[in-house]
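You will see chain A twice below: alongside chain B first, and alongside chain C after that.
Take a look at the complex of A and B:
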């Protein structure tokens, strides 16, 4: 009996190790990280997930995109230590969260917050990714139809 | 956490980026893991936000390895004057 349990335990450990190795290869490979950044129009590398962010800065990014009604793909770097380092190396940016729009690195929380405040985020979403922000409706329609009327 | 202080970071930024004004606030209750900074430098002129932040990040390359959270606001001297 105990032999059987030992055997099973060994098998589980072996599988787990294999999984870990696969994960780390996955995350450290720059090409695969690049693919991750391009897989969706908006990709966020954050701590925790959008339903339960584990850091105030990551939470701020999630809330900003929610306000703009923008769907995004999120990756939890706390679930993968190699990804946490890999994404920092990839974008030469020392902190998490990191935001990519149309495969292009946009910045972290400070930058996204600033872009949200000064309206740049609406423009970037539209021009770079063809995404119309929920906060844009009045402005874009107004400015396109009658620019000078205001 | 980290051994860095407000004063240290202020001096480092001033020296590296020729800042005309720097404010650094330790938001970590003294453990040195979380800072917020206002950075005013002529070197930011003509640079987009991302480039400005990259400049700051590279000035603090070593420090940011141990500082857990660093929030920054960057201004040119003209922008800073307009803020006041």
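Take a look at the complex of A and C:
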């Protein structure tokens, strides 16, 4: 009897999965999110859009990339509840914003800010995505570029 | 006198800020930090008075030595997720350093201004 129930349950799960795969707009699906993260060299999941961020942390990320003169693709998680949860599950990271460089999860606002401050962001953009930061030339002048960017 | 003041402050925060207290206790226990600061920044956001939705933490621990920033953040997040479960805050900003990276003068900077997206 329990064997029968197990079989039926398995069948239901299988059908359900198939249904999820068929619904390509279903953002919680890890594969779809993975594709989104790889669609552009720099992808940001944020609240609001770059022109009107709706969270200070998201705004900070936008401003940092602007300083570096980096174009990025932004996704507004407030416009899509499935995506908001989906991206958190995908990267096992509980907060928004989330930054991906060359398809690799880099972190949220705190980490990006830290990378910006210690110059790591310039390196990561160049080594991982072949993007030259607008602040890269200032590198030779050492820590002065931090002052300038303010 | 100062000690008394600190003790009173601790006691009253335990009653009025249960989540902040849990964050403090959890990270003290798990990471044996040489410096731990938990700031409730909820007042900066469009939430009712005395809310505990937005936090910022500074943790300085030997356990972060040799770990990347992502790994450090994941450790803090995971301990707090385990501890707080459904009470995990809406926003958690983390500064995680190891003792050699920590300069005693370092002060946590307030988080960037809210832009009204909370709860939407």
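Methods note: the second predicted complex is superposed on the first by the 112 of 150 C-alpha atoms of A that agree within 3 Å, B and C clash if a C-alpha of one lies under 4 Å from a C-alpha of the other, contacts with A are read in each partner's own complex, and residues count from 1 in each chain.
Throughout what follows, contacts are C-beta pairs under 8 Å (C-beta built on N, C-alpha and C of every residue); 3 or more make two chains touch, one makes a residue touch a chain.
Keep in mind that what you see is a predicted model, and the values were worked out from it rather than measured.
J.: Answer with clash or fit: chain B and chain C placed together on chain A by superposition.
T.: Because the two structures are overlaid on the shared chain, the partners are seen to clash.
J.: Touch check for A:87: first (chain B), second (chain C), both, or neither?
T.: neither
J.: Does chain B (first) or chain C (second) touch A:58, or do both, or does neither?
T.: Once the two structures are laid over each other on A, A:58 reaches chain C alone.
J.: With both complexes superposed on chain A, which partner does A:78 reach: first (chain B), second (chain C), both or neither?
T.: Second partner only, chain C.
J.: Just checking: does A:42 make contact with chain B only, chain C only, both, or neither of them? Give me first, second, both or neither.
T.: Touch status of A:42: no partner.
J.: Tell me the contact category for A:111 with respect to chain B and chain C: first, second, both or neither.
T.: In the superposition, A:111 contacts both chain B and chain C.
J.: Compare chain B and chain C by how many residues of chain A each one touches, and report the one with more.
T.: Comparing chain B with chain C, the partner touching more chain A residues is C.
J.: A:101 contacts which: chain B (first), chain C (second), both, neither?
T.: Neither partner.
J.: Go through chain A and flag every residue that touches chain B in one model and chain C in the other.
T.: Shared contact residues on chain A: 57, 92-95, 105-111, 114-115.
J.: Within their complex, state which residues of chain B touch chain A.
T.: Spelled out, the residues of chain B in touch with chain A are 49-50, 53-54, 57, 61, 64-65, 69-73.
J.: Sort out for me which residues of chain C touch chain A in the complex.
T.: Per the stated touch rule, the residues are 69-70, 73-74, 77, 81, 88, 91-95, 111-118, 120.
J.: Which positions of chain A touch chain B when the two form their complex?
T.: Touch list, chain A to chain B: 57, 92-95, 105-111, 114-115.
J.: Can you tell me which positions in chain A touch chain C when the two form their complex?
T.: 47-48, 53-60, 78, 92-95, 105-111, 114-115
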